[in-house]
Structure formats: C-alpha cells, structure tokens
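In order of appearance the chains are A, B and C, and numbering begins at 1 in each one.
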Amino acid sequence: MSNAAEAMPGKAPVQSGARAMIEMQAVHKWYGEFHVLKDINLIVGRGEKVVVCGPSGSGKSTMIRCINRLEEHQQGRIIVSGIELTSDLKHIEAIRREVGMVFQQFNLFPHLTVLENLTLAPIWVRKLPKKEAEETARYYLERVRIPEQADKYPGQLSGGQQQRVAIARSLCMKPEIMLFDEPTSALDPEMIKEVLDVMIELAQEGMTMVCVTHEMGFARTVGDMMVFMDRGEIVERAPPAEFFANPKSERTRLFLSQILAH
Amino acid sequence: MASETAAIVVRPSRPAPWRDPRLRGIALQVVFVAVIAAIIGFLAYNTTVNLRRQNIATGFGFLDREAAFGIGESLIAYSPADTYARAFLVGLANTLYVSAIGIVLATILGTVMGLARLSRNWLVAKLAAIYVETFRNIPLALQLLFWWALLREVAPGPRQAWQPLPGVFVSNRGILLPVPHQDPAYLWMAVAFAIAFGIAYAVFRWARRRQAETGRQFPAGWVGLALALGLPLIVFVAHGMPLEMEWPVLRGFNFAGGTAFSPEFGALLIGLVVYTGTFIAEIVRAGILAVSWGQSEAAMALGLRPGQRMRLVVLPQALRVIIPPMTSEYLSLTKNSSLAVIIGYPDLVSIANTTMNQTGQAVEGIAMIMAVYLVISLLISLFMNLYNRSVALVER
Amino acid sequence: MTEIAHELPLPMQRPPATSTGILGWLRANLFNSVFNTVLSLIAVYFLAVTIPPLIRWAFIDAVWDAANGQACRGPGGQEVGACWAFIGEKLRFILFGRFPYTEQWRPLLVVVLFIALVLASCDRRMWGRRLLLLWPAGLVLIGILMWGGVFGLRYVGTEYWSGLPLTLILAIIGMVYAFPFAILLALGRRSQLPAVRMVSVAYIELVRGVPLITVLFMASVMLPLFLPAGVTIDKLLRAQVAFILFAAAYLSEVIRGGLQAIPKGQIEAADALGLGYWRRTRLIVLPQALTMVIPPLVNNFIGAFKNTSLVLIIGLFDLLNTANAALTDPNWQGFAAEAYIFTAAIYFCFCFFMSRYSQMLERTFDRGHRR
C-alpha cells in the first residue's frame, strides 16, 4: 500500500509552491464497529477546488465533516491551515473560524432574520462591531444577489434563496476554506443554477473549496481535482478532464456510467 | 325573517325552506338552544325546590358570618372568629403559595431531569429516565399519601429527628429550617440587591452599545451576577456580618425557633414537584429534541462555542416549543394543588369543603372554587396567547 | 497524473481498542469529558447512598411472614425492614375491598376480563367491527359478574364494589362513555352553527378550567340537588357521571386535533360525492381523525386511569382507598409505606404498559407519515 501522503505533494502541480490548506494523513474513522473512513489521504492547496463524488454511503459527508470536526476521526492526522485538529478546543475553535461550511439542508436559524443569521457569528466569534458586521453582511447579500431579503425570516425564502443566504452566512466569517456538502441536492432544478452561479463566482475569486456534489458540469467548470470515494476510501483522484475522459479504476467507471447515463 | 322571505321571492330557484341549508341551520340552532335552556331550567327549578325543602339559605350572605373553624396553616392572620370570607382568602393564599413554590421547584427539577435524560452520560440519562417513568405513572393522590405517611409515620419523633443538613430537622412534626435573626442588615442587603439589578441593567445596555460600536464583548452576564451577589455581600460585611441564625432547637417534646413546614405542606409540595417535574422533564426534552441537530452543527461550523450555541441558537428555538405546554403544566399543577384536601392541607378547596359541610351551601361554595380556578386559567391562557403571538416563527 | 489508490476495496478493520469493549464503552459513555466524569461520580455516589439501604429495607431485613404487626417489628418495637407480611395479610382486601369474601372470584374474573378486553383492543388487527362486538359482550359479562342476581349468583350492590375492579370500572367505563360525548363536543366546537359552537366551547373550557375534584364534589353534593325530589342515584353512578363529563372535555380536545389535521381536500372530495354532513363525518372524517390521534388518546386514558384515585375524596373505595382502609387495622399499624408502594406498583404496571404502547404506536404511525 503506497503511502499517498508522502507521495502526493510533488506530484500535484497545482500544489507546488502553494501552502497546503488541508492535509489529511492516513485518516481512519469508525462508527462503532463500522469502518467508515479507511486510510484517507488528501491534500488541498491554497486556492484549489476539490470536488468529491461517490456513491451514497461511501463516506463523502463523513470525510468533509472531519475537516471542521463535526465528526471526530480516530486515527491519522488532519491539519487545516497549519493547525492540527486534536481534541484541543482552542485548535478546533481556530479551525472552525477559518473554515466555512454549507449544508445540504441549509440549516439557517429560523428564529433570526436573514441579516441576523449573517451577523451572528461575526459578532460573537469574530467580535466585530455590530455596524461593521451588518455592513459585511449586506455586502455578501449583494454578492449572492438577494440584498432585498435582509429583513425577512428564512422561512419566507425559497430553497435557492435560503442556500444562498447560507453561503453568505459562511462568507461573512471571511473563511479561507469553504466546504460544501451537496449544496444543491435539496433544491428544485430551477434553483440549482442560481446557487451554482454563486459558487462558480466564488471559485473564480480564488477561494479554497472542497465540494461534495454530483453536479458534474460544475466540477468540469471550476474543479482542479476530482476525488472519487467508494466504501470509505479514496479510490481515484485526477483533474476533471482526465477523470471523465479516462477513468482508471473499474469502480470509477461504473459510477460514472451510472450518473452520466441520464 | 322578513329578508329571508324576500330572498326567496327574488330568487325563484331557492329550494323549499326545509331543504335550505341556511334555514335548516337556524332551525337546528333554535332547537338546540331551546333544549339546553330547558335542561338548565329543569335543573335550576329542581335545585330551588330542593333547597327550599331542605331549608338551605341561598346567596353569598354566609360569607359575612363567623367561620368558627380553625385553620392549621395560614399566611394571613386568621382566627376561628373571622368570617367565612376571610377563611376563603386564607385558602386562596395557601393555594397560590404552594402552587407558586411548586411551579418554581418543579421547573428546576424538570429542566434538570429533562437535560439529564438527553445527557451523553449513560448513567445520568438512565437515572433521569427511571425518575420520569416511575413518578409519572403513579397517581398523584397516591404519591401525596405516600409522602405524607413518610413524613408523619416513618419519620421519627422530634427527639430523634433526622438531620439531612445541619440545622434542618425532619420529624413527624414537619420540616424545620433555621432562619436568620431579624437584623436591619437584611433590609439593606435587599436594597443593595435591587440596586445591583439596576446597575446590571445599565451595564448590559452599555455593553450592547459598546459592542455595536467597537465589537468588543463585555461579560455583562457575569458582571451582573457578581454585582447581584457582591453588593449585598458588601453591605453584609459592612454591617459586621450578623450571622446569627435562629436555629430550631428541641424544647421538651417539640421544636422551637426556626421556621416550620407542616408534614401536610411538605407532602403536598414534594408530591406536586416530583409529579409535575416528570411532565416538565418530558416537555424540556421534547423541546430540545425539536431543534434539529443541523442547527447545532451549523452553529458549530460557524465557530460558536457550546455555551453560545445553546444560548443563541438552541434555546431560543426550544423555548418556543417548550413554553406553551409548560404553561399548561403550571396550570395543571395549580389545579392539582386541590388534592391538598386528601391530606388536609388547608387550600382553597379543602376550606370550601369545610364551609360547604357547615353551611350546606354547596352551590355557592363550588361556584366560588370554580370562579377562582377559571380566573387563574384565563390569566394563564391570556399570557400564553400573548407569548405565542410574540414568538411565532414567520413562515412562508 | 491520475492516482489510483487501490483497485480492490480496502479490507474492513476493527476499530482501535480504546473505542470498543467495556473500557471503550465506559470512556465513551461515562468519562468522555471532565464534566461527564464529575456527573458520573455524583451519580455513582447517589446510587451508593440510596440503593443499599433500600435493598436492605425491602429484601434483606424484610419480614415476609408474621401473624400481626407486633411480630413484624424488631425487638424495640421499631420497624427494621419492610413488613411484606402485611401485604400478604391484606392482599385480598386491597384488591377487592368490601366485596363479599366468598364471592371474590367474581371481581377477580372481572379484572381478568378487563385486561383481556384492553389487550385485545391494543392489537391493531382487531381494530374495526370485531371490537365493536367484543366490548358490549364483555361489558355485559362484567355487569353480570359484579351485580350478580342472575344465574344463581348472589346479588352484590354497588356499595360493596371496591378495590381494583372499581378502579378499572371507573376508568374504562368512563372512557367508553366519554368517547362518543367527546366526539360530539369536538364536532360541535368545529360546527358552522354559532350557537352549537359557543355551547361546546363554553362546556369544554369550563370543565378544563377547573380541577377534577370540583367536578366530583359537584356530582356528590350538587347532583342530588339537581334532581327532582325523591329521585336518588347511587354514589358510584354519580362518580362515574362526573368522570365521563370531565374526561369528555379533555378527550374532545384531542379529537379536535385530529379533525384539524384532516386535509381540506378530503372534505371537499366528500362534498363532491354528495355525502351529507353526518355521512361525510361518519364515513370520511372521523375514521381518519380518530386513527391519527390514537397515541394521544392512549395518553389521555392513562391520565383518566390515574385520576380515578380521586374518588376517595367522595368516599368510594377504589384501589387507593382500600389500601388506605387496610392501614386502619389496629393489629397492623404503621405500614403505610408498604401499602402505598404495593398499590403504586399496581398502578405503575397498568400505566407503564399503556405508555409504552402509545410510544410504540407513535413510532409506527410516524413511519407511516414518512413513507
């Protein structure tokens, strides 16, 4: 078994010269007796966009959630932005400040207005003055193209609008890394595009992104690297062009034939 | 009726009157009201006849007469020479007193147990579950009798009283607690406490403003707590720390000094708190479970600390689910306090019961009890509606 | 450039030892943080302080066999352990009270019948017409057994009915009769006719606003005043009526919840079929509304069951009051704790079973919604 963690840095051209923002080395995780993550090795450089795909239950969410410690790994090392994730609360807090996350179910706070959703963490975590936090919030609402919804409650918005608010909420913390866990799979088709447009814009500005998604068009447009997971392990990784045109692993081919069939 | 006929004339396609749903509705209501009125009239007639036959007075005149029965425990001055009206007042005060203390304690116990049941600590969660499942499945009347028996019969006499804490005595005469001696310092401490509240509020406002301008947080909560504890403490020290307590002491066959709770009051309070606590625990648990885990995850992902997550995200949402059933639990605790009559604590119902037995004026007695409870219910549901309106989540 | 880690799936590995086994379990469930460790220690201390004395009292030092109260106590006249002999002595009295001693097989059979009826009703396969036949037959049989006077059974008046059968009668018969009344109240509250609606609301809110005790008082002292001179009804029936009136108000609110949850489309569909109000209600609305609220109905029933214990206030001898009465025996003084614990255990068994049942129903119903 090759140790990918040692072999990787030299191999990937995107990463040469760039500081690794996320580094996962031989990460294992179990749910009880169930081995969900097996020997995960992954390096994400600054500004790099990694798209993770794989069949349902393959551990994509679990892996991405280990990066900001929503799940705890039991073996191996995870280093984010130069800080190693241990059970040290200081480290976890520091990492969560640098890492934004967007969920499939939006998870907006229903009891707060859109503006309050956006300013909550900047005020309490970044300790920004309220006025400044609100200015930032309005700026990002403008960016996700819903400035007029600032004073509404999440329950009054459409799914696509909610997801864009969720993205803006993460951006308000000025994160260096954004994690997306199937951000569009709870949306109606006509709303997917408005969310993807925001994400593409974000990518083009140089944000480091790890994105679990089955939107292959998005992957081709902005992805630097495709990662294919199956049964808790990373089976294959390659730049999108190569990944789609010429998958090396049998399992990847099977998966691609299934999702590209329609 | 005239316009009805007119309508029929204007529109020739109207059905016959007995098929017209609107007319049928009106006819039905008239019959319905007539039947109800007839029943009420019949009962009222019988009642007046029966009352006259049995020579029972009617009206609330009896309230001004001398009650001539003693009441064991009373918050307001009372003697058997006082009027029935005053006796009622004593009962009402006792009901409100035990309910108020019961509500506070049941809320604390229930909240702790509800949270404990959600704890990741297996042992703690199991213990809380056992508490809830046991005490909610046993009738309150039985629990009251049990606690009462425990306090009266199983507890030793005053000479061998249990002493769970120094100065606290549990015997078959009741529960005794030490009270501090009267001292002007205590009054000033209360004043200091009130002032501390005022200052804390000002600090809170100032902290909010400073946060909005500079972003710097100020631990207003902790400072407020420190003030509320510290200022009275300073006054206490300044008065030369008058620590003298009035300890309950054994004199002959009973205790003197301190403050005493009768076994009846103790049993009623313990029973109400333990029983209602189980329901509150379930309400708290359900309320917190109603906030999806995704909310907590989103808060964590934003970097909020566990305390902030609870205070800013989980609690505000859980409270919306918790408060409505909680108020109805408070209401039912207040109503359940009427079970005091079983163990002879003089609450409103048991005093009304005595009154009814003495005067025979059952109709008036029951009307008074009902009126009191209805007023309490109405007040609580009024509060509920106001609250619901103020926190209702805005949905599409 | 492409990297293939492995062509074959990696083998499953066992988790590291620190997260499995007893030690792993302890670490994960009791000692996973400082706070939790402190909590665990407090809990263990609490158990260490309370459980051993309780076990000593209830089992080790307990007296299982004694002729009278004196024999149950230690040498100094002090009770050392539980006196279960008292329960043994009074068992039949607590369960069946003042029912004639030689006839007590009848109430025993009644209890068994009640339990069988309730168990049968818990089985979802029985829901429907079969239950509608089973219940009247069962109730008639219960009536015959309790009253007697036919088939060579001795007649036993209601003043002798007591103990567990009385509790079950008050609760179950109360619910059976409260149910149709509650349905009418719930329909009335949602009626289009303002007079009907207002009367229903007034009744429901009035009853729900006052404690059960006042309703019981009313039944025991005011009902005789309400009736024409010369007409009397016995105490049990008065209490039963009070229960029905009280329970119906609470039940109707549960049923109303079910009525409100029925989608409007159902009613419109029924109207489109040309069904009138009553047929629409009977065939479309009620069946759906009632199935939806079965779990809260069971919870309501638990409440009613516990509430029967209040009849001791008007001097009926239900299970709790027979236990009370057993305590007055001069030969057996001071065993209240034993009597109440025993009675509590009986109440607990019934209520716990029902609450588990309603939780189970809730889960299966939930699944139905999700699918």
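By our rule, a residue touches a chain if its C-beta (ideal position, glycine included) is under 8 Å from a C-beta of that chain, and two chains touch if they have at least 3 such contacts.
Given the structure is predicted, the values throughout are model-derived calculations rather than measurements.
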Select, from all pairs of chains, the pair with the highest number of C-beta pairs in contact.
-> B-C
Report back the single chain whose CA centre is most distant from the CA centre of chain B.
-> A
How far is the middle of chain A from the middle of chain C, if each middle is the mean of its Cα atoms, in Å?
-> 52
Distance between the centres, which are taken as Cα means, of chain B and chain A, whole angstrom = 50
Between chain B and chain C, tell me the centre distance in angstrom, where each centre is the average of that chain's C-alpha atoms.
-> 24
Which residues, counting only chain B, touch chain C once they are in their complex?
-> 25, 28-29, 32-33, 36, 43, 46-47, 49-51, 53, 119-124, 127, 133-134, 136-143, 145-146, 149-150, 153-154, 335-336, 338-339, 341-342, 349, 353, 356, 362-363, 366, 369-370, 373-374, 377-378
Touch list for chain A against partner chain C, complex | 1-2, 4, 11, 28, 30, 32-33, 35, 38-39, 41, 74-75, 230-239, 242-243, 246-251
Across the complex, what residues on chain C touch chain A?
-> 1-7, 9-10, 12-16, 19-20
Can you list the residues on chain A that touch chain B in the complex?
-> 68-70, 93, 96-97, 99-101, 103, 105, 107-111, 120-121, 123-133, 152-153, 155-157, 166, 169-170, 173
Counting only contacts in the complex, chain C reaches chain B at residues 29-30, 32, 36, 39-40, 43-44, 46-47, 192-196, 199, 205-206, 208-214, 217-218, 221-222, 224-229, 302, 306-310, 312-313, 320, 324, 334, 336-337, 340-341, 343-344, 347-348, 351-352, 355
